[in-house]
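Every chain is named by a letter (A, B, C and D) in the order it is written, and numbering of its residues begins at 1.
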Amino acid sequence: MIIVMKPGANQEQIDGVVHRLAEIGSEAHISTGQLRTVIGAIGDRGRIQQLPWGAMPGVERAVPVLKPYKFVAREFQAEDTVIKVRTAQIGGGVFAPIAGPCAVESRDQLFRTAEAVRDAGATILRGDAFKPRTSPFSFQGLAEEGLQLLAEAREEFDLPFVAEVLDPRDVEMISGYADMLRIGTRNMANFALLSEVGKVHKPVLLKRGFTATVDEWLNAAEYIYKEGNHEVIMVERGIRTFETSTRNTLDISAAPVIKAMSHLPVIIDPSHSSGRRHLVTPLARAAIAVGADGFIVDVHPAPETAQVDGDQALLPYEFAELMDQMRALAAALDYTI
Amino acid sequence: MIIVMKPGANQEQIDGVVHRLAEIGSEAHISTGQLRTVIGAIGDRGRIQQLPWGAMPGVERAVPVLKPYKFVAREFQAEDTVIKVRTAQIGGGVFAPIAGPCAVESRDQLFRTAEAVRDAGATILRGDAFKPRTSPFSFQGLAEEGLQLLAEAREEFDLPFVAEVLDPRDVEMISGYADMLRIGTRNMANFALLSEVGKVHKPVLLKRGFTATVDEWLNAAEYIYKEGNHEVIMVERGIRTFETSTRNTLDISAAPVIKAMSHLPVIIDPSHSSGRRHLVTPLARAAIAVGADGFIVDVHPAPETAQVDGDQALLPYEFAELMDQMRALAAALDYTI
Amino acid sequence: MIIVMKPGANQEQIDGVVHRLAEIGSEAHISTGQLRTVIGAIGDRGRIQQLPWGAMPGVERAVPVLKPYKFVAREFQAEDTVIKVRTAQIGGGVFAPIAGPCAVESRDQLFRTAEAVRDAGATILRGDAFKPRTSPFSFQGLAEEGLQLLAEAREEFDLPFVAEVLDPRDVEMISGYADMLRIGTRNMANFALLSEVGKVHKPVLLKRGFTATVDEWLNAAEYIYKEGNHEVIMVERGIRTFETSTRNTLDISAAPVIKAMSHLPVIIDPSHSSGRRHLVTPLARAAIAVGADGFIVDVHPAPETAQVDGDQALLPYEFAELMDQMRALAAALDYTI
Amino acid sequence: MIIVMKPGANQEQIDGVVHRLAEIGSEAHISTGQLRTVIGAIGDRGRIQQLPWGAMPGVERAVPVLKPYKFVAREFQAEDTVIKVRTAQIGGGVFAPIAGPCAVESRDQLFRTAEAVRDAGATILRGDAFKPRTSPFSFQGLAEEGLQLLAEAREEFDLPFVAEVLDPRDVEMISGYADMLRIGTRNMANFALLSEVGKVHKPVLLKRGFTATVDEWLNAAEYIYKEGNHEVIMVERGIRTFETSTRNTLDISAAPVIKAMSHLPVIIDPSHSSGRRHLVTPLARAAIAVGADGFIVDVHPAPETAQVDGDQALLPYEFAELMDQMRALAAALDYTI
């Protein structure tokens, strides 16, 4: 931590900061410039970061040198985390195509979609039974019945599946069905839910809050990781900006940023970021070019009848065409797909 | 809903939209311009808004005419909602000063603060026992012990208190102690929590998600309202923008915007929006000038030792000076304070 | 400047940074932590800030301790700058109400408005002859003819006036008419224009770019200041955020932030920030409560016929009512108005 | 335009809108819903869009159905615009790699870079002689001497070059040297400059304002186009968001969005968007995968000595490696590079 003193800070105030650091067993390195005194705090990161430096007399601001998370940082583990979901792999040179309906609506809708994405080359099925909706009057999902259908589809098409969990009270039940859990964008900072998911032995797709910085997102992963669940996959799904021509702004740079800062795999969601069907295919291609470890794409056999997010679902034939392009790109970039 | 067709949309596609509207018992009004056909959909708002118009052949986009929420809208109830919290009032010409420590840290810290804010003129005490922290290694609050201390302070200083609820499993327990509940900014779209709080008979301070639009925030209020709890107070506490000289950007315009769109009271949090002690007083003054129904301000007897958010806490004497200014402004603006 | 080295930075890289600092006559203070080495650079701010530290081997990032601007900083001049515009004053305890039409459309429209705002208590008239419009097909202003009308109105109603300048080639001509120049939000980083305006002896209203940080805005003021023109007034007029219920988000905190960082006066534009007539009055009241030195408000005798920004113009009687409220607030807050 | 009336709008107010439309020769289609009356305005887009609908009695808001720009829209010209810059091509299936130093600093620096990027496969040289700098104390470029060096480099290495223009007074002079002009991000809404550049017969790279919506950016292109210069290339270079791990957030979706809305080519700037050297290569690969028509990349032989933006410049060997990857991707995607 670097503590920048105010221009007029006096010796007593500087001594106050040094004393406070000494109390927590940390050292102070003082640099006296012409206009400002700067104090470098060296010692236990956790203890230093938690003191309210900005509230101390004479302090202008405190600038952290280290990130607040540890376990998910690249410095903690140099080699990439590679995750297995039954037959499928995410990371380690393998690009994972995850696809399926946004929400499970019926057996027929789910099975038609699952068969189509399996045939096109998807390795993991997506499909939700619980949906967080902005309006309380919208369709909220089929609940446990949806999970039963997903489990049947897994057997029928030999595809592991991922489903969203919304409520800490549902974690155990959903884990009984799903191969992988998903934390949605609205729940990225729902710390009660993160902790609960951290106690389960299932990989977790952790969507970025549409308003979260990369640092906050990695801190959310840390919540899961520190409870004992080390199988976290980061999902970039767009952030909220002033631009309205897309539903959110896909922050594609986040993929290489995360890979530099963390050992966790990163995948991209071109469907929920763009919210527009015609943008999904180009953004999915960009995902592999930028170095992501997979994508998660909405597919629906009849988007114009979808109960959730029909605007962005690919038709099965569009998804098959996309997968052809992905295979050509994977070959050019030395990925396995 | 206004459905705008693509430039080349053909008659069959226009008929498709009209047919779909007829299926849900709605009417279509077709306007044919030189470059676009536009279809006005008239009928049940809920059913119309839930169809995936953007996914239908020939449709360019759909523009909602009505808001998705009903009960919290000014059109549903013309007169202002006024809320009583024991001896205190929020709304109806009464400006409510809510103040206290960000987190309860000890009996001494809480009681010193409570006495000071009561003496200065606060009508409701704030103080949290459960804190959502970005890092899992930060102080998380005193839990139930904190609530017991708050209940003791209520008796001692005759001040009702508000406390944050983070987890749906804690709603019942916290309601047993607190006079008013608070939903924090990170949980504004935690629909499981909103529904649980909607079942309780206590007023709720609903903080705006720092990334939420006004419409999403009113939708969150709707979640609480439709479960039967009609005592919701909207709290503007800053939104996330590119500006970093303040912790968040206080969207002060949201107060008159909400008052035009809704009958619910609105208060302002100058502490968490700015994150800087020297900005709290001017922003608190602006709250009453802009027409808000109250403020919620952090006060701490020794901010440089605070375990949470010390940077922004006022000292007791600063809060007393602020309250003097507030009384002068209330007189000029015909408020009771 | 604080230079944070990468975790694995070696001695040669550290020496490289120290050597580079020595070359520009600066000193290096090295702090060696467990995980990072941090180098404090002490010496000439300008020379240190201009080197590409992030591109040097072994460097993770460089954190500036000092702001890049000098002359406009509070540290350069402790006392507030107070500005006189003929008979009017901005700053020094005087709140300046500036009002008038967004654009000059005709002699009649201008004179009716000028008379009304003068009668209500405005001390400076606004009115533009050159308008920057997003679309090239929109009304672009009356040009020099508009300035002539403004000069006539000045004589008739004894009100100094401010007008926008868009093009460096027009600065001299417009200065021949106007008492104060205005740099619009789109031109805040038009450095050619800022430099030209810096050579003129007229006060300048410098609107914040709707996308500019406070630091960038103060740097823009520095461009004007360093050319010799020290009469700069900062105008907060809203920033671009994700919120769409207002045209921009008024960053009201910017007023006290600027007053802490700079000696320049700050005023607020509630009209262009909100873009909605019913929000102008509450936001104008908040301007004085938050400690700003004035406001600039659009008034139009018939907004429904306005050629620019009619949606946000107050009617003359609404402006008169606002001024009554402003006088009550000024009395409560010890301002002269 | 769709005009939505307020809930309580009366017949007189509805008639007022209809009458106003009639005055400008437009038709009104009235749809009366249970809660709102909606009026569809059909007629001349330009005249309808310029009236201040929001200021008319009884009107809640006006929603435009059509975009304000015409000439640059896909509907105005169905086939893609393809641009030739001497020997180079942008668009029409040809991916254009533009590379070179951010600023021309010396003959040696420029020539070493030009040779390296030519050898690696770049088809156009970048290099600026005039730099807009946030601080007035930073290096501002070599001015006309820089252009002379660029012209020499063009002869020596047979590469056309692009240079930035900052001031309307310099357009003619710079056009005398450069093969292509560039409007920088800070000047995207500098309408005086756009108009001047519109009168020149040189292709123009139009950078997106880092705060501009796609619609505003296309409007800026319209300013150039309507003056007679039809050779405009759109450059996505990142937008300002809350995320700080990159300098700006590359809005990669803007490439397919623009290609759907306009016939103009789009290229991507991975250097200025990210501001970090290690992100440039992955983002440059994403540019071709998403369907852009080229990129513009900073290259410098010794970034640690660069006078501008050294943090993001690729070394010559890194650029050569990138070009190898680009050729593999171009082959997979059927582009010529």
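Here is the rule we use: a contact is a pair of C-beta atoms (placed from the backbone, for glycine too) under 8 Å apart; a residue touches a chain by one contact, two chains touch by 3 or more.
No experiment lies behind these values; they were computed from the predicted model shown.
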Smallest number of contact steps required from chain B to reach chain D: 1
Chain pair with the higher count of C-beta pairs in contact (A-D, A-C): A-D
Chain centre separation (chain A, chain D; CA means) in Å: 31
Distance from chain D to chain C - Cα centre to Cα centre, in angstrom: 26
Whole-Å separation of chain centres (CA-atom averages), chain A against chain C: 39
Touching two or more other chains - residues of chain D: 211, 240-242, 244
Sites on chain D touched by chain C in the complex: 46, 49-50, 52-57, 68-69, 132-139, 166-169, 186-187, 189-192, 195, 209-211, 216, 219, 222-223, 226, 240, 276-277, 303-307, 309-311, 313
Touching residues on chain D, where the partner in the complex is chain A: 211, 213-215, 239, 241-246, 249-257, 260-261, 273-274, 278-279, 282-283, 285-286, 288-291, 325, 328-329, 331-333
Interface residues, chain B side, partner chain D - complex: 2, 4, 7, 29, 31-36, 38, 40, 42, 45, 63, 65-66, 75, 240-242, 244
